[in-house]
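Chains here go by letter, A, B and C, matching the order in which they are written, and residues are numbered from 1 within each.
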Amino acid sequence: MAQAIINGILIGGLYAIIGVGMSIIFGIVKLTNLAHGEFVVLAAYFSLAISAATGLNPGLSLILVGPIMFFIGFAIQNLIVNRLMPRGAEAPLLVMFGMSIIIQNVILQVFSADPQHLTNPLDTSNFALGNAVVPTTFLIDCVIGVCVILALNVFMKHTYVGMAVRAVSDDTTAAKIMGINVNLIYGVAMGIAMVTSAVAGVLVGQTYNFYPTTGSQYLIISFGIVVIGGMGSIKGTLVAGLIFGLAQLLGGFLFGTTLQLLAGYIIILIMLAVKPQGLFAK
Amino acid sequence: MSKSSKIRVVVILAVVIALYVIPQSPLTTDNTMRIGLLIALYCTLGLMWNLMAGYTGMVSLGQQIFIGIAGYNVAVFATTFGLPFWAGMFCGAGISVLLSVALSFLLFRMKGMYFAIATWITSEALKIIFTSWEFVNMGGGMTIKLRPYPDVFELYYISLTLVIGAFLVVFFVLNSRIGLGLKAMRDDDDASAAMGVNIFRAKLLCFMISGFVTGLCGALFYINQGSIFPGPGFGISWTVAAVFIVIIGGIGTITGPIVGAIIYVFLSEFLSQYQGYSMIILGVIAIAVILGLPYGIVGTIERKFGFEVLSTRRTMKNLLSGGRANVDYSRGRDLRVSK
Amino acid sequence: MRTNRDMLIVEGLRVNYGDFVAVDGADFRVPQGAIVSLVGTNGAGKSTLIDCISGITKPAQGRVYFKGENITGKPAHEIVAMGLTLVPQGSRCFVRMTVEENLIIGSYTKKARASRMETLKYVYDLFPALYEKRNDLSGALSGGQRQMVAIGRALMSKPELILFDEISLGLAPTVIKDIYVRIREINRSGGVTVVLIEQDVKRSLRASSRCDVMLKGRIVLSGSPGELTEEKIKAAYFGI
């Protein structure tokens, strides 16, 4: 039990970083990014390729993966999504759906369907906490995830770009008349979300095996985070990650590991039906 | 009935008769029948997704719920109980309807993207349940054993009848008072409520029809295939197919799914030796169509030539065309009059 | 005729919403340093006109010149950077941001960023109530205070021309009076040209140096308060 709780909390940090990008896009661009899971997996594959080519530690490969993902997000937003947004929510949603299919199959062609893993010197190490044995990787995931989210929060609060992003999400028209180029900010927000996916991808990749089709699993986790934490709320994602991680691991502990995922899905469905604006909505 | 609509009815009847008669010619092979069957089934799948997304604004990403349920029903009825395929087929479709009613209480509280994701998550949950349910052989899947096993000709005729039935149902639903309300609902819930349309009931009707027909469709798919596994059975690729078919053809058009299904089946047949590439190409085509032809192929042709093969005289703007629709509620029933 | 003294010139502006013509060939000019009020009934096209001037709505026809430069169809954010700011109807503060964040975001344009501390001080001097509430979410403020945030936010962009869209809507008379005093102060000591959209003819006549009346998408009457009697304006206002 203690083991499940500690793991749940640590995994919560990882879930939060997986979900925060989707939450940003949801809250600011008002886009359901159905390709978010694929972007996380794509980042893991980028990291795999870069560390294979350069011998860099996967963590350090983020120096390259982060900017690449930022650029991809910025480009997708500016070239495709911004053009479609005046037509309503469905067209961008379907485009991102198509994008997820494309990414998944491109990865499949390039890397094959074999499971991959980002190797990390601490892969097999554990440490004891009370009578629980915790994999060090979980701790690293949690610490990095939480730190990135807190840094993002500071960025959103104290920089012009961050404030502009929040202003756009509050009132798009009012933001325009304050001199904010809304389309540009959408692009930047998408880019930032993609950087968080890059971090999430590398963390996921060093924690679990990944293969081309794992994206939908991370999309659903992200969606759980958004639904529990409330869209666009950065702090909400932390709490949501914690709740979701704990619920899954406790569900797994009590009802067996096959039902671990199911427990998560059921929580999302209940949340959606009862309080789709998130737990912290007023 | 005007002269042009008389001609139209004659043309449609001729095409339908041809579709029934052609297979009797000596030139048709099992393979052409198989392709005809797939086009009919994918077209049905697209029509049912379109009925929800294109006309009522409920973008479902969970059509595979009904496919998987019906497919498993056929397998269980045939293999476990030794019953004929149509028993499993209709029972599967019936369970799909019951499921759609049960889910509606949960799903209809949600709108837009919430609805989309919730339908998907429901299908993922079912996937897990079927993967760990011993009665259906868990992740090992089931083989469908039927004696006698219907051949591809029989399945073609059943599927052809199904797709024609699906067209008629969609046509009549959309030309009824409920259909008018549904189209209003797609653009504005409040407006249609003001028109006195019971939104919940109208949505539920569509969801039930969609569940029933998609269920029949799924049963036929799996009878044709011979075996079912939880992963593909409840896989998102069913919805991917439906979405691509409708978008390429033209969302919110009645005939769009035919064109979309033909393109989809031919693309995936031609590219079948390059598994994976077909999905990439389909994805690229779909995105290109959304960007370049917001009304899809059929929708664009209709707009250009002011011609509709099966008119429902949409006064609401197309789902993907965006902007506020110019809704003239005062005209009421005039909306049904065809162009 | 285009003189240098006119800061804003609108010529033959036409805006359609589908089949509906909201602004139908409006001509409008604002002399530098003036307070011009634009009155008219609901639906006369006042808000559409200034939305179009500030770049939120695109015109179908006509031209808009600001400081002699053609700004027709330019995106809103470029127009703000040139020194033309709108205080929108209903204030439209960023409700999930604090008062101070609202003000800071007002200085988003490059030109305004450099002097943001001085402008912030100027705004706080003008509206001491905002200084007291600077760390509160603007969504938690009263209507009048929110209006002050919106004005302060507009001032932060260092504008040369501010368009106020029905600033008195839904506010108590004493609050309105106070805000009008501030607007005159902004005009006099800050040297900012002002356009006031109003429904209240009396109040606008008192506050402004020029008054234009809009009816069914056109400017039907224009003049200084001395030239215009209340009867004349009322006749134009209702189209009698």
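Observations, loosely collected:
Rule of thumb we're sticking to: contacts are C-beta pairs under 8 Å (C-beta built on N, C-alpha and C of every residue); 3 or more make two chains touch, one makes a residue touch a chain.
Note that the structure is a prediction, hence the values are computed from the model and not measured.
Counting contacting C-beta pairs between every two chains, the top pair is A-B.
Of all chains present, the one whose mean CA position sits nearest the global mean of protein CA atoms is A. Each chain gets one centre point, the mean of its Cα atoms, and the points for chain A and chain C are 42 Å apart.
Centres computed as Cα averages put chain B at a distance of 52 Å from chain C. Each chain gets one centre point, the mean of its Cα atoms, and the points for chain A and chain B are 32 Å apart. Those residues of chain C whose C-beta lies close enough to touch chain A in the complex are 54-56, 75-77, 80-81, 85-86, 88, 92-97, 101, 104-106, 108-109, 112-113, 153, 157.
Of all residues in chain A, those touching chain B in their complex are 32, 34, 80, 83-84, 86-91, 93-95, 97-99, 101-102, 104-106, 108-109, 216, 220, 223, 227, 258-259, 261-262, 265-266, 268-269, 272-273, 276.
Within the complex formed with chain C, the chain A residues making contact are 160, 163-164, 166-167, 169-171, 173-182. Partner chain A is touched in their complex by these residues of chain B: 53, 57, 59, 61, 106, 109-110, 112-114, 116-118, 120-122, 124-125, 128-129, 131-132, 236, 240, 243-244, 247, 276-277, 279-280, 282-284, 286-287, 290-291, 294, 319-323.
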